[in-house]
Amino acid sequence: MARRAVAELLGTGFLLAAVVGSGIMAERLAGGNVALALLANTIATGAALVALLLAFGPISGAHLNPVVSLGLALDRELPWSELPLYLAAQLAGAFAGVAVAHLMFGNPPFFASVRARSGPAQMLAEFVATFGLVTVVWSCAKWRAAATPYAVGAYITAAYWFTSSTSFANPAVTLARAASNTFAGIRSADVPGFVVAQFAGGLAAALLCRWLCNVPAAGAAQREG
Amino acid sequence: MARRAVAELLGTGFLLAAVVGSGIMAERLAGGNVALALLANTIATGAALVALLLAFGPISGAHLNPVVSLGLALDRELPWSELPLYLAAQLAGAFAGVAVAHLMFGNPPFFASVRARSGPAQMLAEFVATFGLVTVVWSCAKWRAAATPYAVGAYITAAYWFTSSTSFANPAVTLARAASNTFAGIRSADVPGFVVAQFAGGLAAALLCRWLCNVPAAGAAQREG
Amino acid sequence: MARRAVAELLGTGFLLAAVVGSGIMAERLAGGNVALALLANTIATGAALVALLLAFGPISGAHLNPVVSLGLALDRELPWSELPLYLAAQLAGAFAGVAVAHLMFGNPPFFASVRARSGPAQMLAEFVATFGLVTVVWSCAKWRAAATPYAVGAYITAAYWFTSSTSFANPAVTLARAASNTFAGIRSADVPGFVVAQFAGGLAAALLCRWLCNVPAAGAAQREG
Amino acid sequence: MARRAVAELLGTGFLLAAVVGSGIMAERLAGGNVALALLANTIATGAALVALLLAFGPISGAHLNPVVSLGLALDRELPWSELPLYLAAQLAGAFAGVAVAHLMFGNPPFFASVRARSGPAQMLAEFVATFGLVTVVWSCAKWRAAATPYAVGAYITAAYWFTSSTSFANPAVTLARAASNTFAGIRSADVPGFVVAQFAGGLAAALLCRWLCNVPAAGAAQREG
């Protein structure tokens, strides 16, 4: 139990360090080319997810995301009694990861972001991003657990680019990024909208997947192309 | 059956959202550097394919492409009676995905593309791109079903660059991209040529693969280098 | 037997189409930034190798390279009687792939390269590149056949950048690229030096690996970190 | 035993050749854009690690890193009696790899770096980078040995960007890069600080992982998301 909490804390911490730290490095080096900075930020984040999910998956499941933990609790894959510990570990890890990233680059541990991310288009984007993430996690967890790290890493790599919000898709990540006035930051006033959209997207996906994934995989696997 | 249709619809929808959405984001941020924009578009599309094929493969086979569904029907991997449903779901999903991508970036749901993509060189490119895609899918489906998502994602990543058409290789994708006047768009007048070349390439590959893949894999696997 | 030859021909053809085609596309779009062009060329080539080795590996072993075929013949993994057919198919496929790439981009099928690639530093680079490639193929073929496509794709992705020659490492590829006056071309006068260095590197690796890989994998696998 | 030493020597040699060689190539081609140069350097290094760990893992475990060898000795995965040989082979391989990279690009075999990399932020970065690396290696070695090459390659890909030091995380690499006055170099005066931080991070991770990974993987794997 304590091990699972530490794994969630460490995993979410390294995830946030990767997101925020690579954003700082990318912005410093990119000479104003935002596409190049986002590309570096994307590759670092996707690769970090693959490594962290491979490393911490066998210990805690490596949710690293309150929406995923909640979804798996709804699916009875995670006991409800463990949910509060998972959420607390994820939040603590997220803020610790931001602080470590800042210190590695000579910044103060926390400084509030002034970067605006709002409006209905970005809210829709967070709904879509989280809907897709939970669908991918749910389906893989059911039929291809060993491939989940690659699926999640690949999904987030894509979602950084195909959503106008660059796909936060994670309330712990969103809250912690409000404490970082860097490339990856978000104004604290915009956090609630993002979080609401994320839980709505995750809930919609959970409802759908409960029906969608309720099939035997056998025959389907052979048909796979 | 309904589940399979929903999986094809969702999968093709997310695929189009990824192709069109990442194209919009990439063009906005790249400051006129088309190579950089296409690189971001490529990485997002390839990664999306890996995630979507891993997630939806066990449910519907994750064809996400009328040429693939037709090819697998010719190979008797997909019952002919299910083909119309697959095609309808793919088309509906493709247009829904384009609309969602547009809305996420504050555009109208559909607006006709004016981007010219024509001429014999691009027709040849679509023939080659689809020929290669169906060959990869067919061979992997026969011997390495678990690796199909990685093979298809890698193939399209390469084909975005080695074909002059950036490798649509998918009639549902082609039709839906005509409704997007963005980086990934195609003029509606150019759609028929692309679609004809795609079906021709897919048919040629299916005829070849029926002969080429008709061997026992056993000894071959050991010889593999 | 005919199937194996066709698989080698198709595989090498698509490999060359990927190398040459993506080079043309990258140079056209990169606006003079050679690093960006090479990055796109690299990603397309590495991804193509993963897809092609996954697809054609179960049929012919997917050598796609005379040095690899020769090395496997030395290791008795490929019967000597099949070697001439493999080499002929690879050469024919390589030139066909170059022609298809050129036609897809509106060029003549063949036009001699004037790009100089010579000197002892580049000869050493081809020796090292091919030595590494054969070592990776040999070791994976022995212990991790299923991972060979990923290992080879990753190796070439790296070798495009860490060798001064951009790592041709393949005599069929080298000969065919002499017929392409594009980003990926090589002056025909420089081909013999490259080919000699490649066979020397491959032979050195084969001699080493015969000794190096002559151990039981059992205990080693557990020690793996 | 000799085979294991040669495998460590070759593997570390190719790793250094990849790091230093791709840095030279990237800096030459990038036209002053450091973000683009680091992106190419990152992709080459991450891909090289995947290929090298797949190839040499079954022979020697492919540690390629004194901190990893020491950590596995502490975990009794590597006999203490073999540790000196591993360290010697890694150091010799690292310097050989630097020399080969330099010769491939027409430079002298060794020339001392003047690139400053110092200060508490970079020391913290090396501590964090090595802590994460050892944690990933340790957990994967215990539960997912076959996925270790992908996890390590992905981790270093991310860590190049999320640490201010670009994540050396390897004392043999650090020492050898002091002999390279190129993109990847480090001033010899800054080496001791890096090495101390690396051993400290590795030791902290080893202590943590001995407790963290002391659980049965069974139930956890099913919970994985």
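Think of it as A, B, C and D in the order they're written, each chain with its own count starting at 1.
Operating definition for what follows: a contact is a pair of C-beta atoms (placed from the backbone, for glycine too) under 8 Å apart; a residue touches a chain by one contact, two chains touch by 3 or more.
Only a predicted model underlies this, so the values are computations on that prediction, with no experimental measurement involved.
**Q** Copies chain C, chain D: same or different interface, half of numbers shared as the threshold?
**A** Comparing the two copies, chain C and chain D contact each other through largely different residue numbers, since under half are shared.
**Q** How many Å are there between the centre of chain B and the centre of chain D, using C-alpha atoms for each centre?
**A** Distance between chain centres: 38 Å.
**Q** In whole angstrom, how far does the Cα centroid of chain A sit from the Cα centroid of chain D?
**A** A distance of 27 Å separates the two centres.
**Q** Which residue numbers or ranges of chain C touch two or more of the other chains?
**A** Expected reply: 33, 36, 39, 43, 150, 153.
**Q** Classify the inter-chain contact topology: is it line, ring, star, complete, or other?
**A** ring
**Q** Touching residues of chain C toward chain B in the complex: what are they?
**A** Chain C residues touching chain B: 3, 6-7, 10, 14, 17-22, 25-26, 29-31, 33, 36-37, 39-41, 43-45, 47-48, 50-52, 54-63, 68, 72, 77-78, 100-101, 103-106, 137, 141, 145-146, 148-150, 153.
**Q** Across the complex, what residues on chain A touch chain B?
**A** Answer in residue numbers: 33-36, 38-39, 42-43, 46, 119, 121-122, 124-125, 128, 132, 135-136, 139-140, 142-144, 147, 150-155, 157-158, 160-164, 208, 211-215, 217, 220-225.
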